[in-house]
Structure formats: structure tokens, C-alpha cells
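Take a look at the following structure, please.
We call the chains A, B and C, going by the order they appear; numbering starts again at 1 in every chain.
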Amino acid sequence: MGGILDFLFGSPAFLIFGAYTVVMVVGLGLLLHLQLGLAGIGNFGVVGFWGLGLYAFGVLTVRYDLTFFLALLGATAIAGAAGIVMGWVVSNLDVDGVLGATLSFAAIVFFLTDSERDLTGGRIGIGTIDFPFDVGNRTDLAWLAILVVIVGALMYYVWRVHRAPYGRLLIATGFNEPLAQSLRKPTFRTKMILFAWTSAAMGLIGALYASFVHFLFPTQVTVGITIAVIVALVLGGQQRTWGALVGALLTIALFDIVIQLYVPLPRTVFQQAFPVAKQMIFGLLLIVLLLYRPLGILGRMRRENYVRGVTHE
Amino acid sequence: MSESAVAPPTARPAIHLQGVQKSFDGRTVVDVDDLTLGTNPIEGLIGPNGAGKTTLLRLIMHSIKLDRGTVSLTDPASPNGSVVLSKKPEHRIARLGVVKTNQVIQDFPNLTIWDSLLLAVAEARSEQPDRIYSERRVIEEHGDEIQQYLDYFTFENPNGFANSAGEKKLLDMIRCLLLNPKVLLLDEPTAGLPDDVTEQVMELIRQKAAEGMSVVVVEHDLTVIWGLSDLVHFMAEGSVILQGDPASIRKHETVIEKYLGSGHVGG
Amino acid sequence: MMDFLAKALIIGLTEQAPLILAAIGMALIYFLSKVINVAFAETITLGAYFGMWFNTTFGVNFYASMIAAAILAGLLSVATYLLVFRPARLRNVGMVEVIIISLGLSVFLRHALQFVFGYSARFYDVPPAERVSVLGVGVTTFQITAVALVIALALGLYFFIQRTNYGQQVRALASDESLAKVSGINPLVVTLMIWFIAGVAGGLAGAFWGVAANVQPDLGWNRFLLILLVVLVGGAWGIRGVIIAGLGTGVLLSGLKLEIPPLRAEILLLVVFIVILKLRGDRSSETAKV
């Protein structure tokens, strides 16, 4: 009992940081689940949309002095606009084209954080981005709570989508697009619109992160985020609502929180060898998983459990 | 190029192909100068393998692009008159009233039987990202219709997945029927089906045609063709070279030589 | 104007010859096995490391270590095929999933190598390369060697694939595998050969990049996107197309950098690539199934 209270109220900041990363990866994973697990869009540029929201929020707040909500709206809109453009680009490309285009987009965002240094501060970074409110020295915990609410709502939304005609349309598009088209489904438009609003949501999540970390650097906007999200989603199960959650708990929560807190290793190990070993294990996990259990821990969709006809009312 | 007198049909939805050509790797697969499909309730399209029948249907559905020519749809009941299908994107063709089943089994992995059929009937407005509670409405509006089809045919596990090639073929057809098309293109709808189910399919086709749907059937099982068709088109090497009622086509020398002579079912 | 073009051409060719080598390697795998192998970046990186290791451990000159690097990289490439990509093929893993698998392999190799070679940058132990002036542009002898190797490899591959018996088997296997098998071609032998050659090309590229700057874990990964784009853009016209695309990319990039800030040049290049990818469209199934 004391441990829980300790955890909630007296815990070190990096525990909150670890938990925040878990929840954030779950949020991004849910969005990637819609794009990839359902609609079949192999988006390898997740960090690009998240990073665009992150830096757009930073720039709007620090350089243009916008209020929190205006900056949040602006950042989300910018990420959404990029999502519309990239959605249009990728929605009729083959797998290789989507890979090339989304990777390029993420690289462009990364380069922009350095090339437009008048706006972004380049490698020096940009800050300070304060929380929009202050509840004492555990405001970061409050911020975590806000993210939990948002990602929780997103999870409920995804859970409902599986049980709605929209979800069925996404699955039909992802698993047999020509057949869906012959049944009058506008698959290009569906994919493009999906990509647009999910990119906006990724940008929103990025923008919220800006307030959490207070300082932004280009090194935050690298492919490590994309890989973390893909590993979590694939490990948990890319076809399942809970996939990202299960995967994030088993990767980030396990490595960034549990092992770092409770496994007694020397400090120097944690600084150098541990992050490298962690990535090595993630890479190995991806290979082994996709070879032997491509649908992850939770396995295939089980629509027979919840698709109901007339007789099931 | 009629070979015998066919009773003048009443005005029905019809598909017109004009100057249509399609080649693959330099080989002409379809070359149809002037063809109208659908003026009779049920029309058959037969011919040897490689004659281009499936390619012709795909050109109508615009799932492959025409090299030349136009395909259009006329519906006397519609105020729009004639619509050029070959200028429309693939997903509009079904919206305009032309649907096709598949010769090679096509299905949606992970979707149950009810999923498949609900997908076909659901309107675009129910399938929007913000409409996460509209499943109930779709079932209320279309559930009975779907249930009728599920009762008409026997599915082993109607609340689960289609478990055989035959069931997937039936699903393919029911999906198309649920779209209430003006023109229904059937590509070997009874291939691989047991005889009693084939009878059911034929009965269903007759009923739909009587209700005003124009049906075009491609089949190698000629008992189906002779049993259903009011008019038969014979296609070979990319063109329709003969048209006529079943009796005269059946006896025609060219047909026998190019097709029936090879020991065909129902020949 | 002509002077500018000539300069850009020379700079492009000499600076990006390794890019062309790498692109040829990755393209060979792409054409034959139809996979985008993200871990090819690590074949390149490890080529650089192998060469550096030979050079610093045995004190041999660059060219000797380059050969060792090439052979070891070729073997590594074959190993990844046998251990990862072939099993994936045999299990009918989907296209997106194979890419993710190769991404996992890339991440794995990129970090595993750090436990062998260390976390920080390593260096070749070679005397500074002599510089020569070609049309007013200073190029190193290493760069000239790289260009020569590109030409040699390109010509060699052309003759191999177009004019020899084995080359014919490669072409047959690439275009229609079931037919090729029926004609008695052993897909495994042919595939291993191509993956080996691809590894050699990648390893050479890595060695050149490594000797020009330094050898660090991200060497190949940092360049992967560019190599991928060259392969996708030029791939429609075979190996020739890849070479031209590589050359074009190199020239374009170097030319742009002469005029605008380097980061913006990279961004502009990527935008151009996205446009070309969009124009390239969907190359997956040219035959309809519905």
C-alpha cells in the first residue's frame, strides 16, 4: 500500500516520465493500428507527424507567443495539413512507395528542425515551454493524467470503431481494396481522410509532449520513436485494439521503468550499454515475432465475437 | 450479327461497348466493335478459355483500363440517360448500378459472413469516422433482407465465417445482389457448386431478372446457360462473333467447332 | 554554365560513387527477391567496420582492407538471407511485415555491432589521400578508385546478367520463379550469388564512406533513405536506371549544395523524391484480380 502512494505522490520524476512515454506510445500505436493494422497503410513516418506537432507547438508558443490553446490548435492543424498532403500522396502507392514517401517525410521534418533555425533554434533547441497551469511541484503528474484521459478516450474510440461500419470499411480497404472498390467503397478517399485525421491526432500528442519536456531538440525527432511505436504495436498485436497497450507495457514499461528501477546494475551500464542492449532486443523481437507470430501476442481479429446480425439482438 | 429472330425486348438497363480494345504484352485480348449487353433479361456469354470473357467484364467494371473505346450504361428509367462508365473511377461503377461477381474467389479475410453483407449494404453516411454508433441502424434497415438470403442458401456457420469456396462464391453474389444493381455481371457463378445449390442460384437469377435487373452470365457449365439465357453471345479470340437464342447457338457449326467439340458439359 | 555543370558532374560523381555502389547492391536484392532490405544499411556499415578492423589490426593499406571488407560484407549479406529473409519467404510473410522485419534486423545489427566495435566513432589508419585536380575540382585517389569500381561493377554486372548462363538464370528467376524452377534453375544458388554480390557492393560503399570520414554505427543508416529513393526511382529501368538515378541524385545534390544551404538542399531533394514516387504510382499488381 505504501508503495502505491509512494509511486503516486513521492516518486522520482523519471517514473512519471517513463509512464508518460508508455501512454504516449500507446496513443501513437492506436493511431498506427488504424492506419496499418486495419487500413493497410505502411506508415514508417510516425515520428514526422508527431515531431511536426511538437515543434509547431514550440515555435508557436515561443516565437509567436500564442496562448496554449491557440498553439495547440495550430500545431494540430499543421500536422493535419501535412497529413492531408501525405495522405493524398500515399493512398494509391504500393508498399514500397509508401515506405519511401513516409520515411522521406519524417526526414524532412527532422531536417527542418535544424535548417529553419531562426524559427526552431536549430541544434541549440527551443524553449522554455511551460505548463499552461501550475499545481505545485507535481504538475507533471497532472499532465500525465490529462494524457491518460486523452489516450483513454482514443482507445474507447478505436474499440467502438471495430464495432462500427467505419471499422469494417477500413478493414475491407486494407485487406482487399479492389474488391471493396467493386462494392462502391471510395477507398482512396477513405485512406486519405483516415491518414489526415490520424496525423492531426499524432501532431496533437506531439504538441502535448512539448509542454511536458519544456525544451525541444532536433534529436527528439528521430526514427527511434517510430521504431518504438512499431515494436509495441507488432508485439501486442497490430490487428487488435489492445495491441498497442500490451506491447507498450511489455517494451517501454518493462525496460524504461521496471528494469531501470529494480534491477541493480551499475550506473555506467545504464548510461551506455543498457540503451544499446535495449534496442538490440527490440530489433530481435521484431524479427522473431514477425517470423513466428506475425499477429503478435493478442493474435488475429476475432470479429465473430462481436459482429451481430438480426438474430443476435 | 444475329443468327435468328429474337423477340424485341422491353427497354431495360443495358451496357454498350463501342470500339473497345485491350491488349496485354502486345497480344490483343479484347476487340469489340459494337456490343450491347442487357437488352434481354438474362444473357449468356460463352466461349473457349482465353476468349477474353473475364477481361471484357473487367473492362466494363473499369478495374482494368481500356486501350481504346468507350463503355456506357443506359437506363431508360433514369433521368440521366447514358453514362460513360469508362470515364469513371472503379468505385463509382457499382454506385451507378453495375456490379460483378468474381471468377477467382475474392473475399475479405477477417470479415465474417454478416460483416461481408453488412459491408455491401451500408451506405456511405453510416461509414463516416464519427459515426461510431451507427451499426445498430444499419442492421435495423437491412438485417431482414440479409437474413432472407442467409435463409435461402444454407451456410454452415452463418454467424461465423464462410468456410468453403462454394460459400465464398455465394457470398460474392449476395453482396452484389444487396447493392440492388441495374446490371448484374456474373462470372462463372456456379463453378464448383453442388447441383442443388446451382438450381437455387438459377432460380434466384430468374427472379431478379423478372424484377427488372439485366443479368449477364459467363459460364462454362452450358446447362446453366441454355437453361437461363434469352440470348447467348459467343466470344472467341477477343470478339463476339455470334449472337442468338440458345437453340440456334447450340447447333451452330462454328460454335461446335471452336468450343463444344472439345467435349463440354451440357454440349 | 557549362563550367558549373561540369563541376557539379565531377563533384557529384566522385562524392556519390559509393552511393551508386550501394544502390546497385540494394537494387540487386530488390529486383531478385522483391524485398526492400532496410538492413542493407548495416551491410554497408559493417563493410566500413570490417575494412577498418582489417586495416588497424593487420596494418594493411586501404585497398587490401577494402577487399576484405567486401568479401566479409558479402558473406554477411548471404547470412542475413539464410537466417531471416528466406524463412520469411517460406512462411509467406506479407510485404509490409518483411519490411518491418528488415527494420528490426537493421536495428539489431546497428546496436549489436557496438558491443564488438565500441560505441564511439572509429577511424581508418591510412595516410591522407593524395589529391588530384580534375577539371579544377580536387578529388582524392580514393574517390577515383570508387568511381573506377562503380564502372567496373556496372560493366561486370551488365555482362554477367545479359551475357552469361548464370545471368540468364538470374533474369529468369526474377521474372517468373515457378517457371524458372521448372526449367531446372536452382533458385537457392542463384539467390545466394546475387545476395553475395549485393553485399560486396554495399561493403565497398561502406569502406569508401568510412575512409573518407569516420566509421560509426549510423554510417549506413544515415544514408539509407537516399539509397532507397535511388533504387525506387531508378528501379523501373533496371540496373542501368539505378546507376543513372544514383548519378542524377549525386549531381543534383551536389549542385544544389553549391547554391543553397546544405540542409535545405537535402529537403528539396526529398521533396523531389516524394513527387517522383507519386508519379511512379502503384507498381505492385499490374494485373487486376477483380
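Basically, contacts are C-beta pairs under 8 Å (C-beta built on N, C-alpha and C of every residue); 3 or more make two chains touch, one makes a residue touch a chain.
Keep in mind it's a predicted model, so treat the numbers as computed, not measured.
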Ask   = Centre of all protein Cα atoms: which chain's centre is nearest to it?
value = A
Task = With centres defined as the mean of C-alpha atoms, identify the chain lying farthest from chain A.
result = B
Message = Averaging over Cα atoms per chain, report the distance between chain B and chain C in Å.
response = 49
Task = Round to the nearest whole Å and give the separation of the Cα centres of chain A and chain B.
result = 44
Request  = Measure off the straight-line distance from the CA centroid of chain A to the CA centroid of chain C, and report it in whole Å.
outcome  = 31
Note = Contacts with two or more other chains occur in chain B at residues 61, 63, 100, 102, 106
Inquiry  = Quick check: what residues of chain A touch more than one other chain, meaning two or more?
reply    = 178-179, 181-182
Ask   = chain C: which residues touch two or more other chains?
value = 288-290
Request  = Going by the contact rule at the top, pick out the chain C residues touching chain B in the complex.
outcome  = 288-290
Key: Interfacial residue positions of chain A with respect to chain B in the complex   = 157, 160-161, 163-166, 168-169, 171-172, 175-176, 178-188, 193-194, 197, 239, 300-301, 303-304, 307-313
Ask   = Across the complex, what residues on chain B touch chain C?
value = 58, 61, 63-64, 100, 102, 104, 106
Remark   = So, in the complex, the side of chain A touching chain C is made of residues 36, 40, 42, 44, 89, 92-97, 99-101, 103-105, 107-108, 111-112, 114-115, 178-179, 181-182, 227, 230-231, 234, 272-273, 276-277, 279-280, 282-287, 290-291, 294
Inquiry  = With touch defined as at the start, can you tell me which chain C residues reach chain A in the complex?
reply    = 36, 84, 87-88, 91, 93-101, 103-112, 114-115, 119, 225, 228-229, 232, 261, 263-264, 266-267, 270-271, 273-274, 277-278, 280-284, 288-290
